[in-house]
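Naming follows writing order (A, B, C and D), and every chain is counted from residue 1.
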Amino acid sequence: MPVFTPITGDRIASVKAHTGAQAAAAVDGAHRAFLAWRNVPAPRRGELVRLLGEELRAAKADLGALVSLEMGKIRQEALGEVQEMIDICDFAVGLSRQLYGLTIASERPGHAMRETWHPMGVCAVISAFNFPVAVWAWNAALALVCGNSVVWKPSEKTPLTALAVQRLCDRALARFGDAPDDLLQVVIGGAAIGEVLSDHERVAIMSATGSTRMGRAVSERLARRFARPILELGGNAAMIVAPSADLELAVRAIAFSAIGTSGQRCTTLRRLIAHREVYDRLVTRLKAVIDAVAIGDPLDEATYMGPLFEKASFDAMQGALAQAVAEGGTVYGGERVEGDRYPDAFYVRPALVEMPGQTAIVGRETFAPILYAMRYDRFEEAIALQNDVPQGLSSCIFTNDVREAEEFLSAAGSDCGIANVNIGPSGAEIGGAFGGEKETGGGRESGSDAWKGYMRRQTSTINYSRSLPLAQGIRFDL
Amino acid sequence: MPVFTPITGDRIASVKAHTGAQAAAAVDGAHRAFLAWRNVPAPRRGELVRLLGEELRAAKADLGALVSLEMGKIRQEALGEVQEMIDICDFAVGLSRQLYGLTIASERPGHAMRETWHPMGVCAVISAFNFPVAVWAWNAALALVCGNSVVWKPSEKTPLTALAVQRLCDRALARFGDAPDDLLQVVIGGAAIGEVLSDHERVAIMSATGSTRMGRAVSERLARRFARPILELGGNAAMIVAPSADLELAVRAIAFSAIGTSGQRCTTLRRLIAHREVYDRLVTRLKAVIDAVAIGDPLDEATYMGPLFEKASFDAMQGALAQAVAEGGTVYGGERVEGDRYPDAFYVRPALVEMPGQTAIVGRETFAPILYAMRYDRFEEAIALQNDVPQGLSSCIFTNDVREAEEFLSAAGSDCGIANVNIGPSGAEIGGAFGGEKETGGGRESGSDAWKGYMRRQTSTINYSRSLPLAQGIRFDL
Amino acid sequence: MPVFTPITGDRIASVKAHTGAQAAAAVDGAHRAFLAWRNVPAPRRGELVRLLGEELRAAKADLGALVSLEMGKIRQEALGEVQEMIDICDFAVGLSRQLYGLTIASERPGHAMRETWHPMGVCAVISAFNFPVAVWAWNAALALVCGNSVVWKPSEKTPLTALAVQRLCDRALARFGDAPDDLLQVVIGGAAIGEVLSDHERVAIMSATGSTRMGRAVSERLARRFARPILELGGNAAMIVAPSADLELAVRAIAFSAIGTSGQRCTTLRRLIAHREVYDRLVTRLKAVIDAVAIGDPLDEATYMGPLFEKASFDAMQGALAQAVAEGGTVYGGERVEGDRYPDAFYVRPALVEMPGQTAIVGRETFAPILYAMRYDRFEEAIALQNDVPQGLSSCIFTNDVREAEEFLSAAGSDCGIANVNIGPSGAEIGGAFGGEKETGGGRESGSDAWKGYMRRQTSTINYSRSLPLAQGIRFDL
Amino acid sequence: MPVFTPITGDRIASVKAHTGAQAAAAVDGAHRAFLAWRNVPAPRRGELVRLLGEELRAAKADLGALVSLEMGKIRQEALGEVQEMIDICDFAVGLSRQLYGLTIASERPGHAMRETWHPMGVCAVISAFNFPVAVWAWNAALALVCGNSVVWKPSEKTPLTALAVQRLCDRALARFGDAPDDLLQVVIGGAAIGEVLSDHERVAIMSATGSTRMGRAVSERLARRFARPILELGGNAAMIVAPSADLELAVRAIAFSAIGTSGQRCTTLRRLIAHREVYDRLVTRLKAVIDAVAIGDPLDEATYMGPLFEKASFDAMQGALAQAVAEGGTVYGGERVEGDRYPDAFYVRPALVEMPGQTAIVGRETFAPILYAMRYDRFEEAIALQNDVPQGLSSCIFTNDVREAEEFLSAAGSDCGIANVNIGPSGAEIGGAFGGEKETGGGRESGSDAWKGYMRRQTSTINYSRSLPLAQGIRFDL
C-alpha cells in the first residue's frame, strides 16, 4: 500500500497490508498475551507504560515531525499530539496503583460486599488519519494498565506513524523485560480488516474513532455479539458568543479551533452562534484572520495551517461550500491556494460562511476548515441551535455572565459530552473524559474514570458467617 | 389480551394491548415530561421516589400476593421482590443528593475542569415475566432521580402487576403534587411494541431484561441509532463446591438458588461443579431435598416451590432433560406433579442431572429447575468449567480456603458480573451493581454507580483567566 | 436546672442535670451498645434512621414549635431546622448501603489490596443553643449508620428540645425492635459534663459545636489522648457584592443571612464588603429592611425576627456596637425593642454598622444581628478583606461576572469551608460537607464524605498466592 | 552537630544546626512560596514531582548506600526505601491530574453545588531516624502536587540523607525552571526546632512521625491553634498464626517483619499470637532463624540484619528483656554480638521472648528486635490479645480459613489501620493509606485519598437562577 504526504501529495513510502487471516491471528496472539498480562500486577503493568512515556519523551521531536509529514498538521500541533501521548502515559501510571473498586456495606451480618474491576481481554483500536498516534495512546495506555492486550488498526492512510510508535513500544518492551509476546500489535489495512476485528470473538473491546457511518457499522457488528464499543465518531462543535464575551479571546479561540489541523479535528469548531450585538464585529475580525493566516508547509515553524489531508477532503469541502451557498450562505475564503506549486496537495484558505439559519449542510460534519456563522437574539435560541444537530461531541460558550455560563453547563444547556466556557471546543486536556453523545457514539476515553471502559466489573458477596441469611429478608428453610 | 395464572392455568383477567402508535405517543409524552423533569432538582425528584417507597411499603402484602398469583412464585419470594423495590427506592433517595460528578485539576492556570452528570431523556424498560415488578423498580427509581422519564413495557404475560404498580405510582404522584404528566407510563404489548420503543428516536436509554435472543435484537436496533442499552440477558450460574466447603450451607444455598422461583431466575443455579471428594455426599443430600420439597400453591405459606410459568416452560424443560440424557446425563426428579389436579398448570419436581461433562445442553439456559452436576479434580479445572459457557451473569464458590476464595474472585477467576463466596448465585442485594458480561449483555443496574447508566457525562473546562493557554503546551498565536 | 423561653424570659420548665458519674456511666453504656451495634449490618442500621426520619416527619410541627419556644427562632426557621433533620435521615439511609471503601491494585502478584471503613465507638455530640436539634441530627444520623453509639450533651440552656428528640428516638427504637440498650442517650449538663465526655477514654469521636474558646479546650483534651475531634466553631461570614451583582437578590440574601435566627447562626452574615459603586445603594436598601422587619413573637407567622437568646447576648451586642463606634463605625439600628412588654426578653432591631475598615471588632464573632459594612475598590482587596479574619467557616460573593465568581472559588479565593455565589453564607443544604478551616476548627459534618469522620479506615493486603513477595521489590530470603 | 554511623559508631560528619529564628524564617519563606505555588496548575506541579522521581531513580544506589551508612539498615531495605520514594512520586504525578472534588446534586432549581480541594499552606514534616528519607517523600510528593510548600525537619541524628535528598530536589527544581524559592527546605535541629514548627502560625499542616510521646506534645500544640496534624506514632504489630496457616510462609514473614531494620520499624512485628497447635513448631523454627541470621555490616549484601541505631536503643532493648523476664518471660537470643570488633556500635541477635500472657512490657513499644510469643486457644481470644494494646498501627493474620480471615478484617476484628492476611505487618505498598488509630495518632499518608490531608475542602453553591430559594424549603420574604 502506497503512503503519501499531504504536504506535496508525493508518495513517500509503501507498506505491506495484512490479510484478514493475519489480523485474526494477531487477535489470537493478543488473547494469549492477555491471559498472561492480566495476572501481572497493575503497578508493574504501569511500569511498561512509564517506560513507553520515556521513549515518547525521547522521540518527541522526531515522532512529531513524522506526524506532520504523514498527516499534514503543523509542527506545534504535531508536538502537542505527542505530548498528549506522554500525558496519558503519566496519568495511566498513576492509575495503575488505583483501578479502584469498592467495598460496600452489606445488609447481611457476617457478609462483605465488594466491587472489583478486572481486565477484559483484547482491546482493538481503530484510529483515524487526523490523530494518527494520540488516539491510540489514549486507548493503549489505559488498556495496558487495565490488563488488556492491544491490537491497533491505524488508518490505512497513516501507517508510518503507527509503525514508528510500534518501534517505540518495542523499545519499552525490551527494557521492561518480561511482557508476554503479542501484547501490542499493529495491523495495517482498510475496512475489511476493521470488520475482521469487529467480528472476532476474542476482541472484547473495540475503540473506534472516525466517521459516524463507520461507527454505525462497527456498532451493529459489536452489538450482535455483545462486545463492548468505545465510539468516538462525528462532531459538529459550536461556539456561542454572548454580548459579554471577551471578543479578543473569542477570536483567538475561534482561530485555533476552526483552523487548527485544517479543520480536520472531530472537535473542530464548525458553527459560530453569535449574539446579534457582537456578530458583525466578530465576523469582521475573523475575515481578517482568514486573510492573514500563514498557510503552507506544516513543518515550517511559521505556518499556522497545513494542507488538507487528500483530494477527497478538498472535494468534500468544495461540495459543502456549494451546498451552503445554495442554502442561502455567503462564503468568505475557502479557495484553494498553492495549487500551482503542489498540484497533488490541497491547501485551502479557511472558509467563513454566513448562514441565514441552521440549514441541512450546517448539520453535517464536513471534515474541512469551514465555519458557519449564525446570529441569535435570545439565549435559549442559541442553546437550541447548539443542540439541534445530530452530533454531540463538543461545544463552548464565550460569556462573562455567570448565569449564561452555568445554564450552558446545566441539564438544560449543551447536550454535548464536552461543554467549555471561554475556551474553544477543541484541544482537551487528558485529565477529563473525552467523548460525546448522540451520533458521536457515547464512548469515553482518556481521563476521569474512562478506564472503566477497559475493564469488567465484578460484584461479590462473601459470607464469612455460619449461617445463610437471604437478601430482602426472604426466609427459605427447607 | 388474556391473562392467566400459572397456579391453575385459569384465565384471571384480560387487558387491552396498546397499538404501536399509542406506544410511540407514550414516548412523545414521556419526552415532554423529561424536558420539565430534568429541571426539577434531584433531591426533589428523590422525594417522588421516597413517596413511591411509602406506597410500596403500604401495599407490600397485596402486591406480593398479586405477584404470586400472576407469576407463580411463592409468597416469600414475592414479598422479597416487593422488598427489593422498597430497598431501591430508599437507595435512590440517598442518591438524589449525590449524583456525584468530579472537579478535576486542570493543567492550565486560571482554568477549572469539571465533570457533571445530566439527565438523558426517555428511559424505556422492557421487563420479563419472572421479576414482573422488581426489575422495573431497579430501573425506574434510578431513572427518576437521574431526571429521566420512564416508559415501561412489562411482559405481555404479566400486565396485572405492572398495572398495579402504575396505580401506586399514581398515588405517589398525586401526593408529590407537581410532577409533569406522562412521567411514568406503562404500555402493554408484545415484541412489536418492544420494537417501536427500540427504534423510537426519543428513547435515549433502553433497559431490556430477558432472553439473549431478545437482547441481541434490541442491541442491534439500539446500536444503529447509538442509543444506550442496559441489557440483562441470559444467565447460567454455577456453583463450585470445594473440599473445605461447609456442605450444610452449600445444600441450603443450592436448594434456594436452584429451586427458588422454580428455576426461573436469570441467576438460578444451573450448574453444580463439585469436587470429587464431596460430590457424592452432595448429590445424595440434594436428592433428599428434591424428594422433600413442598410443591404446590405458591400462596400457601408451606409451599417452597410453585408452578412453572406456562406450558412452554414445561415443554422446554422436558426437551432439555431428554437432550441431557442423550448427552450422557442421568436425571433425578424433573417429572410433572399435580397434573391431575391442574391440567392447565405445570408443577414439576426439580431435576438433578448428573452429567459426564459440560455438554451442549449444559451451556444453554433452560428456564426451569434443572441442576446439572459435574465433578472436578483440580481447582483450575473448576474455574475453567465455570467460565466455559456463553453467559456471564452469576457464579459462586463454596470453600473455606482463602486461596481458592480469592482466586475465584481474581482476574483469572470467575468471568461473571457476580461472583460470590459461600452464598448462592441468586438473590443479590440492591447495594451492588447487578449484571454480567458476555451474552448476559454487559449492562448494570441497581447499586454502586449503576446510576451513571441513566445519565450523560459532561466534561467542562472553564477559563476564568484573561488569556487562552492551550492544552499540551501548544502555542498558536495568530 | 431551670429552662427559660427567650420569647418572654419566663421559666418554662426545670430539668435535672446529670452528674459527672452519670455521664461517665452513659458513655460506658454507649460503649456496650457500640460493641453490639457495630455488628448490625449497616443497611439495617439505616432502617433505624429511616424510622427516626418518619417520627420526625410526623412530629415536625410540634418539634418546630418547641424549638421556637425554647430557642426563640421564628417558625419558618424552626421548621427548616426540623426539615434538616429529616433530610439528613434520608441521606444517611442511602449511605447505609454505601459506606464505600476501595479495592486497590496491588503491586504483588496473587495479592489483593482493600480499604474498608469500620465503626469507631462512642460518638459524643456537644451541641449549642442556636441549633438545638439539627446539629445533633447531622451527627447522629451519620454516626448511627456508621455503627457508632451516640451520647448527646445539648446546651444546658436548651434541654427540652433534646429531651423531645430523645422521645422520638425511643419511638423509632421501639419500632425497630432489637437495637442494643443505651445506643442513643442524652446527658444534661454544662461544661463539666463536657469535660467528662472529652476525657473519657471510651469516647472515640467528639463532635463539638460552639465557640472557639470552648472548641480549643475540647481540642486540646482530645489531642492528649488522640481522640478524634469534629469541631464546628466560630464563624464570621462575609459577603462581597460586586458591581455586576443582582442587588435585589443580594438584599434578600443579606436580610435572611444577617437577620435570620437574630444573627445567632455560626453562618450568620456579619461582614458586608461592597464595591464602592454599589455600596450606597445597598446600604440605603438595608436600612429600609431594618426599619421594616417584623420583630416579635417567633411563633407568630408574621414575625421575621425573634428575640435574642438571653441577656448575655444583648449585653455582648451592645458592647460590640460600642466598640465599633469607638473604632470609627456608624451604627444604624441595634436598639432594644419591646423592652416594656417583655422586661426579661431581649428583642432588638438589627444593626448595620458602617465601618471605615476591618477593625478589631469586625474580626470578632459577636453572636447577634450586627452587620459591618465596608467598601472596596479592587477585587483582590475584597478577597483579602474576606480572608483577613481568624475564622474560616462561610463566605459568599454576589456577582454576575464569571471571572470574579470563579476566582472567588479558586485556590486564591475565599479561604472558607463554604464559599457561595449569589446566595448567602447561611442555610446550607445537607448534601454538601459543612464546616470550615482556621478557628472554625476544621471539622466537617453532614453530606459528601463527612461520614468518614465517624469511621476508622482499614488498609488490608491479602496474600492468596503461595509465595511472599515484598513491596518495593525488596528481597529478604533467609 | 556530629553525625555518627551505627555501623561502627564512628563520627562521619558534622552538620550545622539551624536556630529557632532560622527555622521560623524558613517557614515564612515557605509561606511566600506557597502563595505562588498554589496558583501553579496541579499537573504542572506534578511535573516537578516527576522530575524528582527521575533524580531519585538515577541516584537510587547512592542514596540507598547513604541510608545504610547513616541509619544502619541493610542494603536491600535501604534500596526499598528509595524505591518507595520513587513509587510515591509516580503515584503523585498521576494524582496531579485528579485531586478530585465533587459536583453534587442541589435541592434548589438553578443551583449547582460543588466540592473543591484547595492547597493549604506550609506543610512541615518531622521525620524519624528509622525511615530517614521515605517518610519525607510520602509527605512531600503529595504536599507538592496538592499545592503546598514543605519544610522538613529530619531526625537530628540522620541529617546527611536529608541533605542528600535536598540536593536531588535542587536538581529537579533546576530542571523544572520556574518554581518559587523556598518551596522545599530542610531545617536541621532537635525538639526545640520541632516546637518552633508546631507553634508557627503559618504551618498549616504538620506531619510528625516518631514516638507517641513526641506525637502527644505535637498534637496538643497543634490543637491549640487548630492546625492540622498527620501523626504516625507508635506501633506494636501483632501476627496471629492460626492452625490452617502456611507455616513456612509465616516464618518467612515473621523473619522479615521482626528482624528487618533490626526491629526498628513502626510496623515491626513485636507480638506473635500463635494457636496452641502450631506454637511449638513455630517457636522452634524461629529459634533456628535467630541462630542463622547473618548479622553485620548492612552494606554487605550477605547481611540480613544490621546494627541497632545507637547505644540508647541497645539499653532500651536490654531493659525490656529484663522486664520481660521479671514478668515471666523466657528469652532466646537478644545478646550483643560483634561487641569486641565495634565497641561503639550495637549489634544484637534478635530476641524471641516466650510470654505467659500479654503483660505490661508487651504492651509497650520497644524499638528493637524483640518478638514476644504467646499462645491462644480460641480465635476470639487471639483478636482480643491483638487489640488489647494502646497502639493501633499494623496487624496481620496467617490463616487459610476464609471465616477467620474475613473476621479479622471485619468491624469486630483487628482495630489497626493496617490489617493483613498472609503477609507480615510491615512493608506496605504506597497505593494504600498508611497509618493507624489509638496511640498511633490517627493520621494517614501515602495512597488512597490520603492526599486530602494536605488540602482544604471547599463546599460551594452557585445560584444561577433569578430567584433565591432557601434550603429546607424555608420561606423568608421580607
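The rule we apply is simple: a residue touches a chain if its C-beta (ideal position, glycine included) is under 8 Å from a C-beta of that chain, and two chains touch if they have at least 3 such contacts.
By chain, UniProt protein names: A, B, C, D = aldehyde dehydrogenase (NAD(+)).
Because the structure is a prediction, the values reported are computed rather than measured.
Both chain B and chain C are touched by A, D. Centroid distances built from C-alpha atoms place A farthest away from chain C. Our note on geometry: chain A versus chain B, Cα centroid distance of 34 Å, whole angstroms. Per-chain CA centroids place chain A at a distance of 46 Å from chain C. Per-chain CA centroids place chain A at a distance of 42 Å from chain D. Counting partner chains per residue, chain B shows two or more touched chains at residues 39, 43, 87, 97-98, 102, 104-108, 111-112, 114-116, 402-403, 405, 409-410, 421-422, 429-431, 447, 462, 464, 466. Within the complex formed with chain D, the chain B residues making contact are 39-44, 96-109, 111-112, 114-117, 399-403, 405, 421-422. Interface residues of chain D facing chain A in the complex, by the touch rule stated above, are 43, 46, 50, 87, 90-95, 97-98, 112, 402-403, 405-407, 409-410, 429-431, 447, 462, 464-466. Of all residues in chain A, those touching chain B in their complex are 38-39, 76-77, 79-81, 83-84, 87, 102, 104-108, 111, 113-116, 118-119, 147, 215-216, 219-220, 222-224, 226, 228-229, 231, 233, 246, 249, 252-253, 255-256, 260, 289, 292-293, 304, 405, 409-412, 414-423, 427-434, 437-442, 444, 447-448, 456-464, 466-468, 470-478.
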